[in-house]
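Same chain, two partners: chain A is paired with chain B first, then with chain C.
Coming up: the complex of A and B.
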């Protein structure tokens, strides 16, 4: 299989021009591979086929197709894991299949991408979720996969919530134990689903809970998942970050939102210190006008993601139902090269997605 | 059974919540019901705490059986 990674190259150090050349050749190979080995993809592509002159010309699969079809480009008996994406109003989650090769690419990619934002050091890992979320032999929810993606940074992990009767509750004893260990180790990372983390911090604020994590090194609160419920409650990103930062006496910049979805195998997009997201050299974003579907820059539209990591299933070019905007190319003040984009929200034309778990709707 | 084997056995019986009869070198995730991704990470953390040897993510991804865990430990000077 194709190796999408260049030796001794950091994810964000290749500028747009060189990246396009690198991507185009490999993307052509990958598209040919999926056409050859995935019958459903072949059928889809036959109807859409056109000459690829630019990256923008490659066929894209709308994300909902992964709900309707089990797209696999490798032998079924080599599949090691299936990730269920966020469930939807139609209660049909996407299914994305991984063989060992793609699992390895995913692990390496997520680790390298997050290292650029939170450093590579292994730290105690405090998880605002129930252990059950991450359990599962051959399949896992997107939420479970998200929290597992940080395990490579974990020295020891602590689940600090318990589910009872369908409700997640904070386990203060488990949290105290985790923090005691984190204090000894001098730092920690934490993850929670965006909405769950909000509920937890509402509770912590109500209980006047305070912890001085400001004295520790490398403390980060990462979160992912939908914002719809929060925006309905008029909680914007700034307020969200401040609420969490106040409880832990840290800077709001240590609260990091990252965007990802099951179909975007191995790609996560954390916010940089300038509140925009960056794309590594082995992937790309194309934003398409919501009416014409033509590529646009500095204008909101549907986000399409290109990725060389999509090898066990044709996830190499996926059009999402999410709206975003490319805001700069090779010029973000954080120094990361390539396109920088903002995630705006879910398309109002798209079906309502429930963010992969029942808690999102509570 | 060596002392180190007993230590590893106690650790894995606890992490994988498996009966003693499942503690065999050839057994891996396909044979042990509770050996999933989370249990694999728990195993790596447990090995680090019990034997003071850290597994890199690459090494963890190569563990396919109890025998592989022993091989990793032997490479790091733990005898069985």
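Coming up: the complex of A and C.
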């Protein structure tokens, strides 16, 4: 199996030109691997492949295909985990399969990417979800996978919500216990699905709950998941961050939105301080025109993600139904190199998909 | 229960109802006999007025259905067509008098079946309106179960019958028609509501996917219920490559692309005589015809502009590839042409996808053609043999180019006899 990581290299320190050379060679190897070991991918390649002269020429698999077909490039016996991402409209989840090697790559990648934004220190981890979401030895929802991806930063974790009759409720006792521990430790990180975190903070604000996390170090509220319901309620990112920051007396920049999906194995895209997302050297984003699929820059389109982490299944080139825009290359003021992009939203009529859509639909 | 909300159409507006309200409305419908007192001719005339109202750009459905088959629907409800259908199914005498003299002692009396449940699908709105029309011109009282999502075209259609701009007779018949209808919408998983609407239905006109048909046909009824299933159906083309020319290919592709390939009359695959493998020039003929239509009559393609359309095409291409089909076009091409035996799961409703397969003789088509074929459109020499092989499997066999151009708009849709009840009346001695 190919090692996608370079020694002593941080995720965002390679510039676009060098990165393209690095990626192209490895992507060619990876594609050859999937053609050889995944029969379904081989058939796709026979019909759709063209000469790969640039990264943009490689075949891309639309994310919904992972709902309809089980694509695997390793022996089924070696599969250790399956991650599901559910869909409210089709009720058919994507199935993405991981062997031990890919699980390791996923873990390393998520850790390295998030370290660049929240630091590597282990802290108390407050999870705004029910423990059940993270359960499942061999399979897990994408929401469960997202909250588990932060376990590498956790000194001790606390689930502070309980599900009853399909409804998630805040467990104030559990939250108090978690905060007591966090105060002793001098900081914490927290995760919740975007919509759930919004509902929780509406409730906390209503109850006049306040906590001075400003005096603690390294406090971050991470969240991921769809924005549609929030935008329907006219809650934009600025308002969202402020609402959370006000409850905890922290800076809005400590509320970090990250984009990810099950098919993007180990790739997470947190917002930098300039509110754009960055792509590490072992991955790439191509934005494609929604009708012609031609690559576009500074124009919204479907986001395609290239990744060297997609090894146990052909997830190395996935076209999402999400719309984004590449806004700069090697020039973000935060100093991270490579392409920077903005997530704009779901494409029209695309299925509502993501790890928390059950709650988004309520 | 969360799913037990239903909405329904009444004279004034749509209301959210409880299950009890729905049951009460159905009880009222059971004893309603308003429509039965009017003659078939009066009902036809009323539809004729609706035809005029709907043909005006000011009608709410005009812009909504203009590209979704409005003209076909208008030709369907045209008085001439409705008379033709009723006479064809029930007989001229019945159309005029509601009865037919068998001999000096006996009369054949025709009456509506009673309550007719119309379980509509969302893919082709005008089929829902046709279904409603079939129920009403046979004087049935009808319960319309709308698809659980999507626009409610039926209520807009029924409101047309309440127009005050026409004469008194129109208003009397129109009001009776509207009073004979309940329009409901509820989630298809709502078994309670489904059972309520099916309870007294003496006929059920069912549209939609096989799952929807299976579900709705199994609902229990307290009365014997005639099942009339219209779905899922699809169509095919059968061509002899030796007889094809540019015009033939253009007609064939027009049949494929009209209504965004969502109608049951839209060919989803092409059988080519001359096997075993379709020749490249047939595939080129289809692809080139599509390109010519795109240049000359782009409006015919009428594909939706939302971005998920191109994504869906890409998905089809990948799925077809995984299933082992050979693709003859790229996802970004307007029409996806693939080669291989028809696969019931690979139809491109709404997205212009067509399969091409070959056959050497007519016996072979019979074994290859899937069940549930609505129409077969041909450019073919030996029609008699074609009919011998397919006649019992399809509703309609017509020349290529006629898939959606019905000279008889009721072709394949005439079920009026099944929506009517015939009984014998012995005269007094």
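We take it that the second predicted complex is superposed on the first by the 354 of 362 C-alpha atoms of A that agree within 3 Å, B and C clash if a C-alpha of one lies under 4 Å from a C-alpha of the other, contacts with A are read in each partner's own complex, and residues count from 1 in each chain.
To be clear about the criterion, contacts are C-beta pairs under 8 Å (C-beta built on N, C-alpha and C of every residue); 3 or more make two chains touch, one makes a residue touch a chain.
Keep in mind it's a predicted model, so treat the numbers as computed, not measured.
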Partners on chain A (chain B, chain C) - clash or fit: fit
Touched partner set for A:43, first chain B, second chain C, both or neither: second
Which of chain B and chain C A:241 touches, first, second, both or neither: neither
Partner touching more residues of chain A, whether chain B or chain C: C
Included angle at chain A between vectors to chain C and chain B, based on C-alpha centres and rounded to the nearest 10 degrees: 120
Contacts of A:131 with chain B and chain C, given as first, second, both or neither: first
Which superposed partner A:104 touches (first chain B, second chain C, both, neither): first
First, second, both or neither for A:154, with chain B first and chain C second: first
Contacts of A:315 with chain B and chain C, given as first, second, both or neither: neither
First (chain B), second (chain C), both or neither touched by A:304: neither
Chain C versus chain B - closest C-alpha approach in the superposed model, Å: 33
Chain B/chain C common contact set on chain A: none
Residues on chain A engaged by chain C in the complex (per definition of touch): 40, 43-44, 46-48, 61-62, 64-65, 68-69, 290-293, 302, 319, 321, 323, 347-350
Partner chain A, residues of chain C touching it in the complex: 306-311, 314-315, 317-322, 324-327, 330-332
Chain B partner contacts - residues on chain A that touch it in the complex: 81, 103-104, 107, 111, 131, 134-137, 140, 148, 151-152, 154-157
Footprint of chain A on chain B - complex, ascending: 29, 33, 35-39, 41, 45, 48-49, 57, 61
